[in-house]
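In the two assemblies presented below, chain A is common to both, partnered first by chain B and then by chain C.
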Partner chain A sequence: MRSLGLNNHKPYLLVLPALIFFSLFVLYGIGTVFAESLNLSLNTGSSIVKYYIELAEKPGFWSGLILSLQVSAAATLLSTIIGVYLARQFYRRVPDSIWHALAWLPMLIPHFAAGYLAVLLLSQSGWFSGLLAQVTLIQETSRFPVLVNDKNGLGIIVTYLWKEIPFVLLMSMPVYRRMDWRYEDVVRTLGGGQWQVFKTVEWPALLPVLVETGIILFAFIFSAFELPYLLGVTYPKMISVMAYQWFYEGSWSNRPLAMALMTVSTVMVLIVAVVLLGLIQGKRYRMMRGR
Partner chain B sequence: MFVSPARPEQQEKPILTNGIKIFVLLFFCLPFAILLLQSFSAGWQWPRLLPGTFSWRAWQSLSREPRMIPAISITLLIGLAVSLINLILGIPAGKGLAHYRFRGKSLVEAVFLLPLLIPTLAVVMGIHIFMIRVGLTNTVWGVILVHVIPTLPYTIRIFRHAFENLGSKWEEQAATLGASQLTIYRTVWLPLLIPSIHSALMLSFVISLSQYALTAIIGGGNVVTLAMVYFPYFQSSNRSVLACFTVIFALLPLSFYLLMYSLYKLFIRGPGHYRGC
Partner chain C sequence: MKKLVSVILLFFLIFWVAGCGGSNEEAAQEQVTAGQAENILQKEWAEIEKLAQGTEIRMFMWGGDENINRYMDEWVAPQMKEKYGLTFTRVPMDAPEFMQKLLAEKKAGSQKGNMDILWINGENFKNAKTNDLLYQPFVETLPNYQQYVNQQSKNITTDFGVPVEGLEAPWGKVQFVFLYDSAKIPDPPKNFAELAVWVKANPGKFTYPEPADFTGNAFLRHLLYDAVAVDKLLSTGFDESFLEENARPMWDYLNSIKADLWRGGETYPQSLTQLDQLYSQGEVYITMGYNEGRAEPLIKQGVFPETTKSFVMEPGSIGNTHFLAIPYNTPNPAGAMVAINFLLSPEAQLEKLDPAVWGDNTVLDIQKLSEEQKNEFAKLDRGASVLPEEVLQKALVPEVGPEYVDWIKEKWMHEVIGAE
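Then we have the complex of A and B:
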């Protein structure tokens, strides 16, 4: 890291193009969404948060919001846990890179294409259902549980797991490669087992990366449209699908509702991000003070 | 802190090792195998584990889809443009963050992270009216620009890590020897950054390939990428045809990779003779 004088203009020139792009699109975009979600025609005496009140009364809003939260939380948590477990085992037991490459295969295809794999394998007339029938566990397709286009978003969660476990692997493998394994010797010498090694050596190094990965995954899954649209049901609808349909339909009358819904989901993602970041900030603070 | 590269001693537990390998095969690879089988099957009766007869029928019927070739071309074109814009904006930004400390840096970092937090769907809804006014809706350029939004944060991340790992010594040495900025970029950074450029290009391309909602809103149905053709197929078409279509989605990143690879083999002499330094 070079720390030149603060008056040097070079770093600003380097970051400026990307900064302008993000300001022009992202900051302006989210600002407009917020502005359009407010009812600014106050002459009729209606409330400024009119559309938010309307949103709260919309049938399907609350169940959709809860479904979105469930799916994103479950997919984020499970893919992080399984991804870290896999990274750990890969590093310790399966060092050959061919296996790592195989595990990264799902990153190559789009989410919606992965959604079709879920249909092929997990639907009632899919391959797994056939497998169960072959071992005579079920006799007809209707006995197989509804896993795709189901009310609880199970098919969506499994597909996200398939796509995001490789992402967690990609993010956590470098942490394992950089780790100082002499600490493990210390733990073992002091009589600690596997769990102690994980808790005291690996976890502190993993945590910041996992928090970052978790935030990225939660934010993405919470607001992504493609998979819930293809693998979801008409009721309850995940909020991204609801917002897209309100926005995209012919008449523009529901657009303010879409904007209000998008503002709500942005705020929720930011809350989750702040809470998770607070987790490691507090940790750092404790470490600074010597725990 | 010294980091010892030593890998912890492996205790022999072949069952667990094999279990991990079987999990990888079943969870990550089996779906691809079933997909390929399905694409070549003519009538796959439930509950058979393998298709009864194999044929090219589904591939042939997909090849008769008139939108296929134009959609693949426009998808490749958009993916290529998105990846290049990512490099142009991402390499300098990554360098700025990695090699300099400056006032307002944490604010810049926050802005660069925001697109990963703020729903892209929201961003696109917000800029829709603006895009209409400047005439970018229903155009390929408009679609390219909105595809840069979800990709650029990752690209900046990749190059930031790359520049942090490489340090600034290389550049200083070249500058001491009198190299100009342009020469430094071309002869020092470019060869050293090849692996990162690779990752960034692939990631941008796959993310661009995966966009449906963004393309639909800004492209307005006029910019028909492969995803735009795929979505209606998902509900209506027969299983084998859709399987072929899905295989194409896996082949595109692969061919993009090969295209980029041969392109830079043509234009850049490999990093081989820099490695020894």
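Then we have the complex of A and C:
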């Protein structure tokens, strides 16, 4: 059956290219970042986690971390909810070609370009503000509400919504297509309404996809740099901007702090991913057993 | 699973072994290159030029300015090809990034890199010098340096307070100016007190980039010089407790104008680009920049209003020199030196000064030029937005060390932003 045990090794050999890629670029990268975030000159008698302690005491770190969490959570949740809502609306009413075009257009625009668009359209000297002043809805452009470079990250969230809702739409649309709609008839026959249909027919099928989409979105938004840099404020700064500035500033004294911050954000993303995936694993198991 | 682990381990082992082999070879090579380098610096200039003939050089430089890029690609590169047979390639990269690359190469023990010339100054030079990332002192070897540069000037011998020691050749110099719209401000402020009065009278029309930005930090250094004279700072040296005691007026000033800044001082532009954008849209009336001629091309392109002019205030305008360095692992030191020498020639410096080209001030001592060359420099009209050379010269104050940049950055977060 097994000639020289080659068959036994085959699956491993097949995943080898992916494995090499993963270990070289991802694991090696994360490993290097982690190693450089540690204080390895132990002869001075200082703690190995010296830079993490420094990080926790750094002005702006905690408020930045909280802002990052808030913005990522808000943008992820809102784009998921709105995306699913749109998918439900579009599924039967809008022809494929049209919603495809609608969804792909924002997807094709890079994040930094979306950021510049937000500045051009939404800033106080921007297009909308000028338009409103022109039709005398506001007296002067400085009366226009502060939507970009605002302390709560509103501009960042809005721009992410514009970019990520289409992503959720594209991810959830195939689920709707594969769904067995005979179940809907069952619910309806038994007197269930819209909500019952969503809860019992659509939700169980959507959940695994939405959790994966959510993790991707959260991880991306939590660590992405361009939108917070373009649309954020001086204080508090989202941690991705902080890490970037510490890493690239002229003097290299804050480099280990940038590494520690990147390690912290990697760990946070991993925790969120593990918790959410754990949740649906349990759920899937129950679903398999027929609850 | 066990097999999977062993496969991974095997791979790491292979890479590790390969890595070791490489560094031994390179160690041997290192001695060879070091030997060659000394020879090159002892050679006659004509011989160095001959060595450079037909070779290639790669210059790593910040690529964010189209005018600068065009000067390098369309004027410098063809001239070098014609005069010295050098194939010149400009590689656009931000200085911190190529410094990072060089540091990584040093850590990996590489003796043959792919960079020949670096455009650096200030903190990047300090990092490079302290980490031994640069080639031997080569500047004195350059004929144009010997002939045209004032070797006594503090602007040439130090770079942000760090002694240059022949490790980098001066290329150009710039001075900090404020830019304003003369249609909106008839009479620009002459000192910080007048600026505060103007800001109070025109709420929301002034701001500065945050000090993590190069220009924003330079703006705040002027304010520091206003609180403590620059001579005093230079003679005292960087001393945090001295600054704590004497720089108080600076933070009080910033907090007193804060409420009348753009967006009520709630946020600041993160970069000069953002401030420029606010200025071009008329949201603020003043922008600034560490280059006395920078408004000219922007006016021509229609980004800035045509009524844009510049001004300097008491206690002066900070100026600095930017330099060209050769990395320790250049594959072509002779070519790099020939290229740098050419960039220091009166013709290359004159072309660079032309506002239609770049508008960067020369590092040459005008007094050392021939009458004909002097005339050509005098003839050049730098544009209506550029202050006359006498005004700039009179206002010029030197840079202090890079420690101040960090100190201002950190302190500003506490004092002005109130970050916890």
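Odds and ends about this structure:
The rule we apply is simple: the second predicted complex is superposed on the first by the 266 of 291 C-alpha atoms of A that agree within 3 Å, B and C clash if a C-alpha of one lies under 4 Å from a C-alpha of the other, contacts with A are read in each partner's own complex, and residues count from 1 in each chain.
As a working rule, contacts are C-beta pairs under 8 Å (C-beta built on N, C-alpha and C of every residue); 3 or more make two chains touch, one makes a residue touch a chain.
Just so we're clear, the structure is a prediction, and the values are computed from it rather than from any experiment.
Of the two partner chains, neither chain B nor chain C is touched by A:Tyr51. Once the two complexes are overlaid on the shared chain, A:Tyr160 sits clear of chain B and of chain C alike. When chain A is checked against chain B and against chain C, the one touching more of its residues turns out to be B.
With both structures placed on the common chain, the touch criterion links A:Asn149 to chain C but leaves chain B unconnected. In the superposed pair of complexes, A:Ser23 makes contact with chain B and with chain C alike.
Legend: residue contacts after superposition of the two complexes on their common chain; A:Tyr12 is shown touching both chain B and chain C. Once chain A of one complex is fitted onto chain A of the other, the partner contacts of A:Leu131 are limited to chain B, with no touch recorded for chain C. Of the two partner chains placed by the overlay, only chain B lies in contact with A:Gln89; chain C stays clear of it. When both complexes are overlaid on chain A, the residue A:Tyr248 reaches chain B and chain C alike. Of the residues of chain A, those at positions 12, 19, 23, 125, 229, 248 touch chain B in one of the two structures and chain C in the other. Residues of chain A touching chain C in their complex: 9, 12, 16, 19-20, 23, 59-60, 62-63, 119, 124-125, 142, 146, 149, 151, 229, 232-236, 245, 248-253. Chain contact summary for the complex, chain A toward chain B: residues 1-4, 6, 8, 10-15, 17-19, 21-23, 25-33, 36, 86, 89-95, 99, 102-103, 105-113, 115-117, 120-121, 125, 127, 129-134, 141, 162, 166, 178-182, 184, 215-216, 219-220, 222-226, 229-230, 240, 243-244, 247-248, 255, 258-259, 262-263, 265-266, 269-270, 273. Interface residues of chain C, counted against chain A in their complex, comprise 3-4, 7-8, 11-12, 94, 96-97, 122-124, 126-127, 204, 210, 212, 263, 266-268, 270, 277-278, 281-283, 402, 405-406, 409-410, 413-414, 417, 419-420. Residues of chain B touching chain A in their complex: 1-4, 6-8, 10, 13, 16-17, 20-21, 23-25, 27-32, 34-35, 38, 46-49, 88-90, 92-93, 95-103, 105, 108, 111-112, 114-127, 129-130, 145-146, 148-149, 152, 156, 168, 206, 209-210, 212-213, 216-217, 227, 230-231, 234, 239, 242-243, 246, 249-250, 253-254.
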